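Letters are used for the chains, namely A, B, C, D, E and F, taken in the order the chains are written, and counting of residues starts over at 1 for each.
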Amino acid sequence: MKFDEAYSGNVFIKSHPNYEESEAVIYGMPMDWTVSYRPGSRFGPARIREVSIGLEEYSPYLDRELEEVKYFDAGDIPLPFGNPQRSIDMIEEYIDQLLADDKYPLGMGGEHLVSWPVMKAMYKKYPDLAIIHFDAHTDLRDDYEGEPLSHSTPIKKIANLIGPTNVFSFGIRSGMKEEFQWAKEVGMHISKFEVLEPLKEILPKLAGRPVYLTIDIDVLDPAHAPGTGTVDAGGITSKELLASIHEIAKSDIRVVGSDLVEVAPIYDHSEQTANTASKIIREMILGLVQKK
Amino acid sequence: MKFDEAYSGNVFIKSHPNYEESEAVIYGMPMDWTVSYRPGSRFGPARIREVSIGLEEYSPYLDRELEEVKYFDAGDIPLPFGNPQRSIDMIEEYIDQLLADDKYPLGMGGEHLVSWPVMKAMYKKYPDLAIIHFDAHTDLRDDYEGEPLSHSTPIKKIANLIGPTNVFSFGIRSGMKEEFQWAKEVGMHISKFEVLEPLKEILPKLAGRPVYLTIDIDVLDPAHAPGTGTVDAGGITSKELLASIHEIAKSDIRVVGSDLVEVAPIYDHSEQTANTASKIIREMILGLVQKK
Amino acid sequence: MKFDEAYSGNVFIKSHPNYEESEAVIYGMPMDWTVSYRPGSRFGPARIREVSIGLEEYSPYLDRELEEVKYFDAGDIPLPFGNPQRSIDMIEEYIDQLLADDKYPLGMGGEHLVSWPVMKAMYKKYPDLAIIHFDAHTDLRDDYEGEPLSHSTPIKKIANLIGPTNVFSFGIRSGMKEEFQWAKEVGMHISKFEVLEPLKEILPKLAGRPVYLTIDIDVLDPAHAPGTGTVDAGGITSKELLASIHEIAKSDIRVVGSDLVEVAPIYDHSEQTANTASKIIREMILGLVQKK
Amino acid sequence: MKFDEAYSGNVFIKSHPNYEESEAVIYGMPMDWTVSYRPGSRFGPARIREVSIGLEEYSPYLDRELEEVKYFDAGDIPLPFGNPQRSIDMIEEYIDQLLADDKYPLGMGGEHLVSWPVMKAMYKKYPDLAIIHFDAHTDLRDDYEGEPLSHSTPIKKIANLIGPTNVFSFGIRSGMKEEFQWAKEVGMHISKFEVLEPLKEILPKLAGRPVYLTIDIDVLDPAHAPGTGTVDAGGITSKELLASIHEIAKSDIRVVGSDLVEVAPIYDHSEQTANTASKIIREMILGLVQKK
Amino acid sequence: MKFDEAYSGNVFIKSHPNYEESEAVIYGMPMDWTVSYRPGSRFGPARIREVSIGLEEYSPYLDRELEEVKYFDAGDIPLPFGNPQRSIDMIEEYIDQLLADDKYPLGMGGEHLVSWPVMKAMYKKYPDLAIIHFDAHTDLRDDYEGEPLSHSTPIKKIANLIGPTNVFSFGIRSGMKEEFQWAKEVGMHISKFEVLEPLKEILPKLAGRPVYLTIDIDVLDPAHAPGTGTVDAGGITSKELLASIHEIAKSDIRVVGSDLVEVAPIYDHSEQTANTASKIIREMILGLVQKK
Amino acid sequence: MKFDEAYSGNVFIKSHPNYEESEAVIYGMPMDWTVSYRPGSRFGPARIREVSIGLEEYSPYLDRELEEVKYFDAGDIPLPFGNPQRSIDMIEEYIDQLLADDKYPLGMGGEHLVSWPVMKAMYKKYPDLAIIHFDAHTDLRDDYEGEPLSHSTPIKKIANLIGPTNVFSFGIRSGMKEEFQWAKEVGMHISKFEVLEPLKEILPKLAGRPVYLTIDIDVLDPAHAPGTGTVDAGGITSKELLASIHEIAKSDIRVVGSDLVEVAPIYDHSEQTANTASKIIREMILGLVQKK
């Protein structure tokens, strides 16, 4: 027993106590105020950390252990409730600093809109950035009932910024007709319904390029991720999602950052969604951070 | 019964305000009083409508939008609690009227017994009717502990009426030995455990015939449909169920009506079952109504 | 906004189909984006309506029936997700119109911030307006971590507008020291912990005045209202809350509008909170509307 | 029906293995098919037995232990799903036999309609029977939307049979205006809202008379009994209900049978309702059985 | 933003970062392996801390703020799963150190057995120690089915150690006949059912004495604390429990330590139990720590 | 221990009333005190029995009915809460007696540590015993944070006793690096991630040998078994688990006993896990018992 230093409480398992020495930084973006259906993803990051104590530190998939990677858990960004613009600005500034310090950003949402300022900041550093996007939804709206700051818009925003041919969406099974048509017209890649097989085809084409990976947990079937805002039948299994991440891990692309968003614990009594999310974070740490 | 004015209540998303102009009619049959295990499906139709606001109006599977089909949501039939015989009579009379008005009946249960009077009414109009039945259970009992009006009997009743060789069951993984034996002896089709592959074989044989499709949500594995009365392991995935409906949509059979039964919301904290059911209703609207 | 046709959706039991003929208008304000703790009250109005079918139409407390009062359920105001300022403006404009049409506004939240534009609109019509406020929380902050549009601020805003001596809070058991001090200094009434007894003392002093009643459901103990954003032990019982409303009903004040806010169904598995809320709405209809 | 061998199944704690030697018989009536709102009370008896293992065998209220009373748990009556008339007939016949064998009937529901055949059988044996009834609802309807066999009717049926002046209802807070009026006109006692104080006044008037006690668990406030079909705010506490039973225990009336109905476990995640019910059953065993 | 020190995560709100400077120490005892009914209290301390962020820092009951007291949250003692003896020894050693450092111990359980080693350690320092005990249960067994280390025994153990006349139990409504008899014979105080009124009588008799306060959350009625292992109807309200703590706060006794045990979050979907517990901890910090 | 009279309690459907005449004995081991994460599996056996009433007695997979096998449900072994060593000793002695009476032991956990004394007893009777083990976790630790009696150790203990080359683990997706390495070094078989295909390869090699089958329900993906202590994404489906049991049923090995452990009902609101477990028990009865 020693009481001579601050109790280091709710952090992702095995996170490093020192920011400077860490390669990667885990951070939460507890924002859910623009969602059009069920809110609650603001509690995603805290719950993912809490259940991470149930994780083994070793991945039999990658044959690596958490102690092989130094990552710092910086806690949640204190986003102002109900103010999307200020939240987005804070996130962008936060990522700017992480990138200035040459850290790998590993974010946890929160609603998917939080990925927009992250990707924007990444693009400032990596002008040839590509996006790999796993999701049930296109997220290609310009606005949601008049609001341009909406959880239905982040992929459209980044596609407009970096060029739609640099965005690759997988697992999409929901969206407006206009969104699918737009993607087709401008040459943005959308793999409907499936992730793993089309991903295997795309990855070689991105060899050597810096890639940001953004995963909406609802790419999983509701059976595998009931704890999210919008549950949509016909998704992939957690086994397929893990395999897809491992496929990226062994590819020739450079992964320069990643996030996992839309975990909303209140809708999942068994907490399987948060547990699955914490396992995905572990596999990202072990499989992707060294690929920067 | 009068259908000449808009139902004032919770309706399925994008339903048409006018009965006369509509091709199809959505209606609820909130009955669960003969179930032998867990009741609660009386609240299925209301919850399916409620969560339908979370649906996209476009199906990337069928490349169609809800505005392409006119369907009227007539609300729930006001069935008398605890009186199966009167409930059944009311349903049959209700469907008679829908068919007289040349509407496509799209029903939501409620326990599976509600499908019996619907199918009976269909047969009066379509003497060469065939039944496609997706379910975990045979539903081929003559009675349940002496009660002939039971949720375990609807398929037996319709098989007796239209002839068992006109009934095709898929996904069956539960029943009494005698039920399976009876089906075999009388030449009724039962595909055990699987739906999609055997369905592909059967559909061409039904080309041109009028078919009624009845889906018990428990054909899905409990992982995909925890919110139902009887959860039974070893079922199909929601992806397979969607694919099966799409297989019917592109076949050469005439679909003259359909239903989805046994959604019991109280057993599903995440509401994935009701959300999945509302997606299935959407795919039925987009894929089956035009096949009448 | 147009009120000239029946709302096509889930409505409160026995609501009148015609706006013009109605004395009172029920409306939902499904906003929860500025809450600092648990979101979900956006679904409060829909769930209160849904469970209202379980209500008896007669109140043995007031010996009146719902058919004695004409009230129109106008549905939810379509507030823009994540945009508090625009939401507030829409609500104010909506109430302006109700008051221009001489309707009694009966609102359902949503977070407590929605009461601010309502009270503001009321004040424009009734310059001698007083506020009766039942709540666990003071709601007297100027801002929440820098955001002036927050669910912690509505009572402060209205107190500043109409003068703090015209605001009467009851049941308060939570707040910052500064909030209690401010109230004391400026002469605003706060009854700590209790509602019924202090209310009996205050009501005679307000005789003849127009009063707006705003009830945060968390004035109830969590035992009686688990389904709310912030559960705080030590509250009053539902029996006491009903008695308090009946005390107002038989007093000599003029009640010119009222609301009930912060019902968040997802946190209440038994749905007692929504059921209790629907009973409170019934007692408001029967006891308060005629006092305008 | 045969009671001559031990019930092989889940039994109430400390129940006696032998029917003949027992003074009282516990039995379940797992029927919920006529309820107009939320079903599920069919699982009440089984869950009450299951959680009874958590009970202490000693009552500090009555200073008695379970081993001082011999009671036999006969299990559930195998009622036919969806057939109210046959269910009611079976229950009446069952009670006839219990009474012929001079047993104290201690029933567990199931919906409240099950009390009707029990009370009818009691009346055949005790022509001067009085009924004490604890409930949130009057249950004085003649029918429910045309169905005379409904959970809203049992008290009306027994009042018609034994004369309304022999029926004493307590805690009532819900019903139709006509029901309250009828009771008033025919001289049936209804104590609105409260139980304990009015009960103290009535008990001396019933001294020496045989009384059947029927308790609908929803006489409790939803805070104390969330696990029931119809939750209605403004009820009594579990402390008051216990005190009321103890008041009867020390009174001069003869209690010749009793029941507790409407426990629906699925709506109560913490299982407090079933636990409370099992404690009430214990207090009935210790306080009422010896008063026959 | 600064990243230069460890993220201080899941601690009780406003806890002081420095052990040496603190008057009181909060610590968790996450043990539940000897409970005879429902386990899960091992997660109580973590959840109480987590929800403490929803607390106001000011108590309108005591007119004090958390910043007026320095308390250090030392996290959970890492007790070995399934080993009661070693767990107890670790706790005793832990408390010995806290007392050697002159800290006020403020413990969170875990099952009630954890209070035994704490009280034992207190007695070594304070030979004239008295115990105030709020609970639904006597906890006066010598063993539970042969196991002397059981959650049913802590009060018996401490009564044997310090003498039963120094132990004062309140709110007791459950136990074996022998336990109540033993207490009576040896002169141990037990107030059955009630807490506040008998406490007011006892407190003056303890003036000036060092007292340890141990609260089992199940002294509350299940309506107020559904999230605990053994729910037992007929308990006190959270309002009464708060008032009882405040009564102690203004008495003349010396409070030298306290704990709150048996919060089991999984049984409480709304998390009201953990929220109530965090409020009680706040009131202990503000009302009791200065009374050492 | 005495098996000479019928267990008076909740039993698995269709269990035989007589011990002597039965081939197999079902028994529960309600122990969960050494688990390092979420407790609650002590209630697994009782819940599996309770939901077994929803099972059909016929298996369409195996074309057999329960009445073809005589099995006796002996209830739960009364294990002492919090005492792992005495629990383990009691289980071993219990199995010794079952084996002396030539019964097939069919156990239900409880945590996985309960399988250790069972396997130990089996080995005494069958010196050439092999173990088939389905699990998400290696369970090959020597101790858990110093405790040798832990749910993380049973497979290591039996491997040490019977020799690691006689142990065959399938579906493993979680463990420490050292555990996987140890297995590799000593020649113990571990199939990572998958069960069915590697099992088909192994079974012929075990032809004729006595095999004990131990299944941790968490070999299933959390989608299929949310009700367990440690949910770990990436598991197999219930369809695959059923197929694996059927593969064993038709193989040439001798199955001399089996168990299913780690069902923790509280984490599964829909009760799909207990229902799935009861179906697996049925398939074991029908497919494995005759293979002794």
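Note that in this section contacts are C-beta pairs under 8 Å (C-beta built on N, C-alpha and C of every residue); 3 or more make two chains touch, one makes a residue touch a chain.
Composition by chain, UniProt nomenclature: A, B, C, D, E, F = Agmatinase.
Computed from a predicted model, the values in this text were never measured in an experiment.
Among the remaining chains, those touching chain A as well as chain E are C, F. Chain B and chain F touch with mostly distinct residues; of the residue numbers seen at this interface, under half occur in both copies. Remark: chain B and chain C have CA centroids separated by 42 Å (rounded to whole angstrom). Look at where the CA atoms of chain E average out and do the same for chain F: the two points lie 39 Å apart. If each chain is reduced to the centroid of its CA atoms, chain A and chain D end up 55 Å from each other. Touching of two or more other chains is recorded for residues 38, 221, 223-224, 267, 269 of chain A.
Applying the touch criterion to all chain pairs gives A-B, A-C, A-E, A-F, B-C, B-D, B-F, C-D, C-E, D-E, D-F, E-F.
Those residues of chain D that touch chain B in the complex are listed here as 32-36, 38-40, 42-43, 78, 80-84, 144-147, 149-150, 266-267. Contacts from chain E toward chain D in the complex involve residues 37-38, 172-177, 180, 192-193, 221-224, 226-227, 230-235, 267-269.
Taken in their complex, chain E has these residues touching chain A: 1, 3-11, 17-20, 25, 46, 49-50, 72-75, 94, 97, 101, 269.
Contacts from chain D toward chain E in the complex involve residues 53-54, 56-58, 60-61, 63, 65, 221, 223-224, 237-239, 241-242, 269-272, 275-276, 279-280. The touching residues of chain D, when paired with chain F in their complex, are 6-11, 17, 46, 50, 269.
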